[in-house]
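What follows is a pair of complexes built around chain A, which joins chain B in one and chain C in the other.
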Partner chain A sequence: MNPKLQVLPLLAILSLFFIGPIIIIFIVSFWDYTEFSLVPDFVFTNYVELFGSKVTYSVYINTLKFAGISWAITLLIGFTVAYFLAFHVRSLRWQIVLFLVCTIPFWTSNIIRMIAWIPVLGRNGLINKTLLSLGLIENPIDWLLYSDFAVILAFVHLYTLFMVVPIFNSMMRIDRSVLEAARDAGANGFQILFHVIGPLSRPGIAIGTIFVVSLIMGDFVTVQAMSGGQSASVGVAMNHKRALLQYPAAAADAVILLIVVLTMVAILMRTVNIRKEL
Partner chain B sequence: MLKSTPNRSVSFYLMAIFFAIFIIFLYGPIAAIIVLSFQGPEGGLTFPLNGLSLKWFFELFGEQRVGDFKASFLRSMILASLVMILTVFISLSAGLAYRKKFQFSGTLFYITVASLIVPSILITLGIGLMFDRMGLESKWYTSGMGAHLTWTLPFGLLIMFAIFNRFDKVYEEAARDLGASPWQVLRYVITPIIGPSLVGVALFGFTLSFDEFARSLLAVGAQNTLPLEIFGMTTTVTTPTLYALGTLTTAVSLAIIGISFAVIVVLEKRRRRHGTDAGKGMI
Partner chain C sequence: MLQPKLAVHSGDIELTSLTKVFDKTPAVDGISLKISAGSYCCLLGPSGCGKTTTLRMLAGHETPDAGKILISKRDVSGLSPAERGTSMMFQNYALFPHLNCLDNVGFSLHMRGISKVIRTERAMEVLALVQMEKFAQRMPSQLSGGQQQRVALARSLITEPEVLLLDEPLSALDPFLRTQMRVELRQLQKKLGITFVHVTHSQVEALALADLVVLMQSGSIEQADSPQLIFNGPTNTFVAKFIGGHNVLSGRVTELNRNTAKITGPGEAYFTSSKFGFTIGANVNYALRADLIKLHPTSHITSKDSSYLRAIITQIEFAGADVRITLENADLKECLVICKDYEFFLGSWTEGDEVMATWSRDDVCVLN
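Up next, the complex of A and B:
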């Protein structure tokens, strides 16, 4: 069968619902708008306003902060969990079972997983009640829910999986005789971890990083829901403009965000050949 | 070798504890809302439980007090099923194509990966704008389905790569040597071998669509899918009904996962009975 014919459905869907919309966004970002309608035009005002506004920079810094902190935590947890599964769990059956236990939440609703923090983190939630009854605090802690802390916690909760899976995959490909050789050559556990397993896990770390960073950079739901509307991200700002029907301004935002995210990913892609890693 | 290996190191126990805490972190909050969804009639959004009842589940199906749960649930089920079927067929077809060389295969691969990593808000904004400009009304089964496919197809194709990277071509070569047509090779050799993995693709297709929020937002039109409906409720509903909804949705997801795993196990067993271990993979 002709391979070109076989990829045609994929190409058609992606052209229509991915490339087409991106082109539309690009075009509309140069349009003008009034309070009620879009005015086809070729103006740079949307970009000028975007780069001229201090808010843009603070929103980007805030988003990068979310991405950076969440990335570091998901990497730390993801690497540890993957390491445990790959090197400490010794039977394949248990590896599969525990791996699935880690991945099942991925197939459930993100929105529900966010809501699920309310009874845990809220003013009258489990954590505050426990701390109060233990006498560790006198008043409930307010910053557990609807705060930057909650946003990062939710990101870690939702996306650590995206680190675990590719890093575990990389680790499972490491030839066990390499580790043996390192041990025979006199390396201790930490040296093996840092000089053998770490570098060999790099493709997995890169893929996990691509997922986590791009998901967080474009996020607006998690930030909006978990910060209770008190914190901003690029996505939240964009969605706000969209809600005010300032589509061209939102489109200009989107174009810049796309460039930022694709640049970050392009740099990360240089360190890994995704097709080979699957 | 496994059980006889002597004394586990301290680091094993430390990491096992870490892993256990991670699992509690992963499942704890969901467990909390599942318990709280059975909250008594007088109970609130937090612990302790004030008795037990099914009141909050009845509220969901009752006098439409909490949004249009039934209709949006039905829409999401239909949409997820359609997206699942399309994802399996389109991914399989593209996966087969990628076993050969063809022009622009690299470009198309990068476009597919880009479709995965481009921020969802761009997709949903772009599709919304595109339909608006073309004078078409956004519907969950047209623009909405397209938005979901931009999310499920990349996963589908990546899984197909993983499958075919582990696929031993000798079986289809043998079939071809015996005179099988390309269609017969696909139908009687390839599909049975990769069947369990295809169920995995289906699982991704269904659940990713069923739970999709960000890409749906501006693309589904006036009639909400379930996640959009739930998100709307987070700001308006202040009773455990919200948790009942969470419990129910999670139950559906778990049922789908359970069915998929059961089918995979059955297919694996059947395959093993027929005596080949080709295409053995983790997914």
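Up next, the complex of A and C:
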């Protein structure tokens, strides 16, 4: 049998569930709409309105801010956890055990993990009550919940593992004798981390970055729930248009977001040869 | 830099009762050894004999459980690898995969905070020493095994170590390259005049390179001598067998007079008794060099007091200039004889023929 034919089933599934919908979104983004109906057409009004609106830019800046800050924090935590697992936990068994511990939060759904923060961060939540009863504050802290802080906290909580796994994978591929060679050449612990482990973990960092950034760029649930509707992201804006049945406008939004995220991924791919890592 | 050191060489090594235990089994079992400055020492032995562990303790990558290491008369315990004045070349080269050759070689200078200009200049000098200056900008993955090794060597030498430690440096190379690198290593060591400690499992390598061969087995030193002494005077059965080219035979002392001891085993062997303390009836193991045995037809008449052995040829193996012949008789499992091809084919023997093997009493060596 022609080996190319063996690709057909996968191609069929991908076409139906992935390529098809994207093409439909792309087509719909050029349609017109009224308050009650979609009008098949070929107009650029959706794009013109999108780029003409100041809201679009502020929403993108806000989303990029969430992505940037969350990325930096997940990278810091992810790198540290992966470093600990890869270089300080000596036995394979403990590595596996601790690794599974990291995945425990994933045993429940995103929504539950987010909602779980509310009793902790709320006005009458755990933190505020504790601080009040300790007499450290006089009035409850407002910015803990329904704020950008809460959104970023939730993102970090949700997505740090996506950083840990690929970085850990990269670190496990580092030949231990290379580290000894660095020590032999007079490098101290920090220099080994900075000049050897760091650069050699780059592919993992890049893959983790792609995961975290693309997940955050497309998110609307977390932002809506954790900001209490006070903060907007591209996803939230898009969802808002969808709720108003402005499908073509939402589709145009989606196309632009897709292009932005793909561009970011493309830039990342240029800095690191990821294919070597898979 | 990297000029031959004309002043008094430092870099002598002294190990005293050095011990390392892994999981309750000693990997290195209280060895003591002196390596003089500027010499080429090979730690030789089968895998698991403790040679690599010894090297790693010298380098400071392994902490001894007991014993002392003196390098240049200085106790190095607790010192970092860089502070010991040693530099190690790793078995798989362990080049930094993300750095090009130049940065690999200049790494230790970079760590010391030396400026890029000086670093590059020095790295190029050392790369030139190993004829790799053309490859300065290449990444390790773009180099062959032999080239990677040269870069690893350059990286070790840039720190101007007093002692260079080499962990199986030639084992990953193909046979042709191995011989070539062997010659280069020896020349480099002579040129730089620093102490080389080279771990290997190949006795050929050790004999060819070393000033001092240290043969190890299960964590202990079996014999430490010059290559000539190791080869011509193995002190025990293990050494004789490991070094190769020897037959280990055993027999009983049956006659003993002022000059000569006769040992009857597989055949009759005569020894100059004054050299060894024999007693009648004692069992004696002795090593007999395979290339110093002469083969004769069975009709050959031996002179009085000369050693001989009658046996059947069981195998003839042609190896170019040499022919390897395996002999066997009722008391003898296997005895290897190495003849020059022109000598052997004069006799026109074939497998199954009975021959008489003779040797001079100076060519045997009594083993402990």
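Keep in mind that, in the parts below, the second predicted complex is superposed on the first by the 263 of 278 C-alpha atoms of A that agree within 3 Å, B and C clash if a C-alpha of one lies under 4 Å from a C-alpha of the other, contacts with A are read in each partner's own complex, and residues count from 1 in each chain.
Quick note on the criterion: a residue touches a chain if its C-beta (ideal position, glycine included) is under 8 Å from a C-beta of that chain, and two chains touch if they have at least 3 such contacts.
Fair warning: this is a prediction, and the values are worked out from it, not measured in the lab.
When both complexes are superposed on chain A, chain B and chain C sit side by side without a clash.
Of the two partner chains, chain C is the only one that A:G186 touches; chain B does not reach it. Using the contact criterion defined above for the overlaid structures, shared-chain residue A:H195 touches chain C, although it does not reach chain B. In the overlay built on the shared chain, the residue A:A254 is in contact with chain B alone; chain C does not reach it.
In the superposed model, A:I112 makes contact with chain B only, not with chain C.
Once the two complexes are overlaid on the shared chain, A:I205 sits clear of chain B and of chain C alike. By the touch criterion defined above, A:D175 reaches chain C but does not reach chain B. In the superposed three-chain arrangement, the CA centre of chain A forms the vertex of an angle with the CA centres of chain B and chain C, and that angle is 80 degrees when rounded to a multiple of 10. By the touch criterion stated above, A:L14 is placed in contact with chain B alone, chain C being left untouched.
Between chain B and chain C, more residues of chain A are touched by B. For the pair chain B and chain C, the minimum alpha-carbon spacing after aligning on chain A is 6 Å.
Comparing which residues of chain A touch chain B with which touch chain C, the overlap is empty. By the touch criterion given at the top, residues 175, 177-178, 180-188, 191, 195-196, 199-200, 202 of chain A touch chain C in their complex.
Put simply, chain C touches chain A in their complex at residues 59, 61, 80-82, 87-88, 90-92, 94-98, 107-108, 110-112, 155-156, 159. Residues 1, 3-7, 9-11, 13-14, 16-22, 24-25, 28, 77, 80-81, 83-85, 88, 90-91, 96, 98-102, 104-105, 107-113, 115-120, 122, 124-126, 129, 157, 160, 169, 172, 189, 210-211, 214, 217-221, 225, 235, 238-239, 242, 247, 250-251, 254, 257-258, 261-262, 265, 274-275, 278 of chain A are the ones that touch chain B when the two sit in their complex. The residues of chain B lying in touch with chain A in their complex are 2, 5, 9, 11-12, 15-16, 18-19, 22-23, 25-30, 32-33, 36, 44-47, 89-91, 93-94, 96-98, 100-103, 105, 108-109, 111-115, 117-123, 125-127, 129-130, 133, 143, 146-147, 149-150, 153, 157-159, 161-162, 165, 182, 203-204, 207-208, 210-211, 213-214, 218, 227, 230-231, 234, 242-243, 245-246, 249-250, 253-254, 256-257, 261, 282.
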